[in-house]
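Dropping the structures in below, format is structure tokens.
Both complexes below contain chain A, partnered by chain B and then by chain C.
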Partner chain A sequence: MIVPAVLAVGLFAIVPLAGMLALSFSDYHLIRGTNWKYGFHNFARLISDQRLLNSIYVMAVLSIFGVAAQVVIGTAVAVGLNKIVGKWRLGRVLFLLPYAVPHVAVALIWLSLFTPTLSPINAFFNLFGITVPAFLTTQNGAMFAIVVADTWTNFPFTMLIILAALQGISTELEEAAALDGATRVNTFIFITLPLLVPALLMVTLFRFIDSLKHFPMIFVITKGGPGRSTQATNFYAYVQTFQNSNVAYGAAIAVFLFVFAAVISFYVARLNQRVSS
Partner chain B sequence: MKNLLATAFIATLVVGAPCAPAIAQSDEVNVVLFGMPYTRGLQAIADDFEAESGIKANIDVIGQDVFENRITLSFTGATGDIDVVHTPVIQVQRWVAAGWLKPITEEVDAMPGKDDILAGPLDAYLINGERWALPFMAGAGLMTYRKDLLDAAGLDVPETWEEMLEVAAAIHNEDTAAIALRAVPGQGFNMFIFPMIMRAYGGKFFEDYVNGDLTPAINSPENLEALNIYIKLLNEYAPQGAGNFNFAEVNAAAQNGQIVFAVEGTGVVSQIVNPEKSKFARETGLALPPGGPAGRSPAIAVHGLGIPASAENPDAAAKFIEWAVSTETVTKISLAQPFPDFTTGTVADNADVIAKYADVHPDFLRLRVEALDLAIGHYRPLIPEWPALGAAIGENINAAVNGLMSPEDALAAAEQEMADILGS
Partner chain C sequence: MMLVLLGFAALPTLWVLILSLREQSAIFEPIWESPLAITLENFFSISRSDFPRALMNSFITAGGSTALAMLVGVPAGFALAKSRVSGKFIASWILLLLRMAPPVGFVIPLFLLYVNAGLIDTYTGLIVAYMTLTLPLIVWSMWNSFSQVPDELIEAAIMDGASLTKAFLLVALPAARPGAVAAAILGFLISWNDFFYALIISRSSTSTAPVAVMNFISFDSVDWGSIAVASMALTLPILPLMAIANRYIVQTLSGAVKG
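Here is the complex of A and B:
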């Protein structure tokens, strides 16, 4: 029974990971090939690479704000949908639609919305003489645009998980709190929310790890610009590997990203264990 | 051991790679192209090739974004699953250096239609005495302008970038911006446009490219003057948000009447002046891009078809390429698609083609030829490192355009990064 699982993990996780690790210690270049230099030179370069530092900052901003927005909005929508009964429950499907749209299509939609000459939002405000700022020409504005696009397409995932968790909470608890005179807000804060913590931690972890792989939104909406100010670490690994042909250094960046995600996962899993116990 | 590293690279890519077509049978040829009017047109008439040759063409037209990953996976792994590959001229040096392409000199020399291919684009694929691809397209830079608005303002079409600044200042207003240009970073984006200004001012990328001195020379007074003009045009006379414009946004702005001038490749220009697509096509005039003290240097972009070194069916691939660039095939595509950028010379003699593009704009084909005549083959340097160099320069230029660094710092940083890339 365990053989298929072992094979799947071996094929889809261990083999690519081992390949990436081997490359990261090499000097393999797509054009120049290799001079058989093996060692930690790529990792030594990582330490002094200003572009990597900038990419980590970009990744952190995009991940922290993006995941926070997705968890808050996803939870709020889930709480709202949980109260809906009868045939209106089918309306939940509507909220899942953004999750079903391919990321490149999402990015194109938001690129249009954030481009002043194309955006209906800008056109609407222009009617009243209000000029909406050009988001994509400043670092903060461009990161905001990516966070918005990422949140729009990914909040339904958090919504689904939280909705499932909400449905696992006994309604008797809320009824008992209501009998004791608790307001709806107090009931949510002091009863529902603590019971949601394991689900919130899990969904935050999942979304955070996924958010480290920022690519399509950046590639389509900003191309990493203005300048290089929205080149997150995953995007930077792509630049080194495919644009600069420096496969070995790109692999070293990917290894760094993998270790970073693993450490975060470990601590969040431990935190989850503590909360659960 | 190198194979082992290549295998490791493939292992890291293969799980996330899109499904690759199976190795073609000997009576099949697998073709991988990225989306543009010609490639979509070719895909639409693939059955014609089978009817003519008995060889089935499996033509895969994919997005440019996944193209790079797709072909890198195939080439490094020598998987043999691609027989014909879309070969942009700005990539061919890199691919040849990496040993990814098969020389096709003999095949090209044996083709009866070889002499019908325009010499400039044909020779762009001549490296170390061998031919590596056959061109199907050569796009050039042209300028579009709103005749009605210029006439109303009593202004002439600018001949130089200096004049462009003056005209832009006179005509720019809240409703209609003076100009839009590609600004988003990338060797095919802002680095398709900026060198037109740079070369007009005598700027260059290297000390002496033609004679092989590749000492970076981007940090020069000429390039600084050109960059200041580019920045001024984009920041003072372009629509809001122009610092992130790519060709799609420039095209849309021109088609919707939001700008007076656009300087773009002929592929985009043909859409700006097409009455079926553009609200202001009839009011739009065409001209060569502005020049400067060193003359005029329209952009040029050449695309071709090559055969990967690992191709399973190189003979069938050569037959496919011969068919794909033949007068008959290119004429069909040119009539069915917005594709005026053909490199097969006799297509320009076809009465239907002439009528179609004369209807789009009477000066279009003539100006395209003039621009191609003026363009220099190494408009963007034809060296293996260009994709990395172009990206690095483009990112610094874009940072200067959007005020993240000064023009002086941007050029200094670009020059340092060029040296790092060439020296690493």
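Here is the complex of A and C:
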């Protein structure tokens, strides 16, 4: 039974990855084809590529701010919901709904909310004579828009995991702390939070690795713009491959991103092993 | 505090509902200025467009890739959970890596392969591409489900004269059924939500719903009413699945981490 399993996973995963690796050393161009020149030229080009540098910066900003917002908001909602019992528990559904919306739809919803002529947010502030800035016309504003959309759809995931972890914590400890005169804030910081660390760590890593794959949000909300300023690395590889037809160079960027993900997932896998044993 | 967060979570959904019901001529007016400019026209016009067909394409490709990945992934998960070979850490790392790998790395070689094999814009092409997403996910979560089935149960069945295949089909599989349902749902959802693969591999005849929505954005105008209806059409079919999978998502994603 092991053999077909290995073969299947190999066929569907290892083969494309081997293809990507082979391409990254080639000179394959979608229109010009190839002269069968193999070497490190794509990787040499990577090192001095300003656009790659910018893409890493964008990826870092989107990942760090997005994941931080999702963990903070998800934890806050989980702590709030954990206290709610009775029929109001059904209110959870409202918090979970954004998680069910496919990413393209999420991106389109937030594109509409960030379109000044259409957005009810702009219209609302206009009532008070306040003009909301056009976010999508600057790099920082555009990155902010992507982070908001990403946070909206993904905080329910952190919420679910943290809520599950909270329900595993016995209330006795918190009650004992309260009896000893600890304030609610202190109880949360010194009793609850340390017990949440494994769940928080896991959720942060999962969301972080996922956030390296940003695509639909960028494609729909900013198209990588204004200019080329919000092309995160995954998106930049797409641009090089399918817009500039530079398949070999696109593959080299993908290899770079892949190695990065491999290192992180190695630590995640080791962390799992330690948690389980 | 909770109310602010509830507003953040829920108001965009309400906005989509409003947007879907607005008359074309009133769409750029604030809702409080023309609250009665409401119509069902957007729903009718989308049912006459190509979008329903794209939804059907999404069902076919997501369903197909999930079914095939279950067929291969469930036995694979069983084998990984119950065999006593070394190197399981490597296997778990590889599975994790495959789930975390940037999709652009898969898409480039697949695209070139498909161009040469004539698989661009075919169901087969999309289903195979989605298996690179669904298979690692399903193997991973079935590995987790089967490791929670006690070894004694399977050993007892074999002791009673059952073959390994029989023990798997008649003893282990029924015991891991909730996990299998969850794995299938997660596999379906991940394919249903995909945008990237379909953007590159599908063309007009097999274009899935997430790619087809983009047709409502043309060079000089955006059909916001149709986009709102399409967003709802993309979400509603998977809501029941999300409701079932909800608690398993926590188990497979937090529990699965325990291998």
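Following the convention adopted for this analysis, the second predicted complex is superposed on the first by the 251 of 277 C-alpha atoms of A that agree within 3 Å, B and C clash if a C-alpha of one lies under 4 Å from a C-alpha of the other, contacts with A are read in each partner's own complex, and residues count from 1 in each chain.
One rule holds for everything that comes next: contacts are C-beta pairs under 8 Å (C-beta built on N, C-alpha and C of every residue); 3 or more make two chains touch, one makes a residue touch a chain.
Because the structure is predicted, anything quoted here is derived from the model rather than measured.
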So, after the overlay on chain A, do chain B and chain C clash or fit? They clash
Just to be sure I read the superposition right, which of the two partners does A:98 touch: chain B = first, chain C = second, or both, or neither?
second
Based on the superposed arrangement, let me know which partner A:222 touches: chain B (first), chain C (second), both, or neither?
first
Practice problem: Would you sort A:116 into first (chain B), second (chain C), both or neither based on which partner it touches? | Solution: first
Message = A:247 in the overlay: touching chain B, chain C, both, or neither? Say first, second, both or neither.
response = both
Practice task
Figure out whether A:136 sits in contact with chain B (first) or chain C (second), or with both, or with neither.
Solution key: first
Go through the superposed model and pick first if A:12 touches only chain B, second if only chain C, both, or neither. both
In this superposition, the partner of chain A with more touched residues, chain B or chain C, is C
Stretch of chain C hitting chain B after superposition, from 6-14, 96-104, 114-122 or 186-194, is 114-122
Note: overlapping chain A surface for chain B and chain C spans 12, 15-16, 18-20, 22-23, 28, 104, 117-118, 219-220, 242, 247, 251, 254
The residues of chain A that touch chain B in their complex are 11-12, 15-16, 18-20, 22-23, 26, 28, 30-34, 36, 104, 114-118, 122, 131, 134-139, 142, 219-220, 222-229, 239, 242-247, 251, 254
Chain C residues touching chain A in their complex are 1-2, 5-6, 8-10, 12-13, 15-16, 18-19, 27-28, 30-31, 72-73, 75-76, 78-80, 83, 85, 89, 92-98, 100-106, 108-113, 128, 131-132, 135-136, 139, 164, 168, 192-193, 195-196, 199-200, 210-211, 213-214, 224, 227-228, 230-231, 234-235, 238-239, 242, 246, 249-250, 253-254, 257-259
In the complex, the residues of chain B that touch chain A are 1-2, 4-15, 63, 65, 68-69, 72, 76, 94, 97-98, 184-186, 189, 239-246, 249, 252-253, 256, 258, 384-385, 387-388, 391, 395-396, 398-399, 401-402, 404-405, 421, 424
So, in the complex, the side of chain A touching chain C is made of residues 1-2, 4-5, 8-9, 12-13, 15-20, 22-23, 28, 73, 76-77, 80, 91, 94-105, 108-110, 112-113, 117-118, 120, 123-124, 126, 152, 155-157, 160-161, 164-165, 199, 202, 206, 209-210, 212-213, 215-216, 219-220, 233-234, 237-238, 241-242, 247, 250-251, 253-255, 257-258, 261-262, 264-266, 268-269, 271-273, 275-276
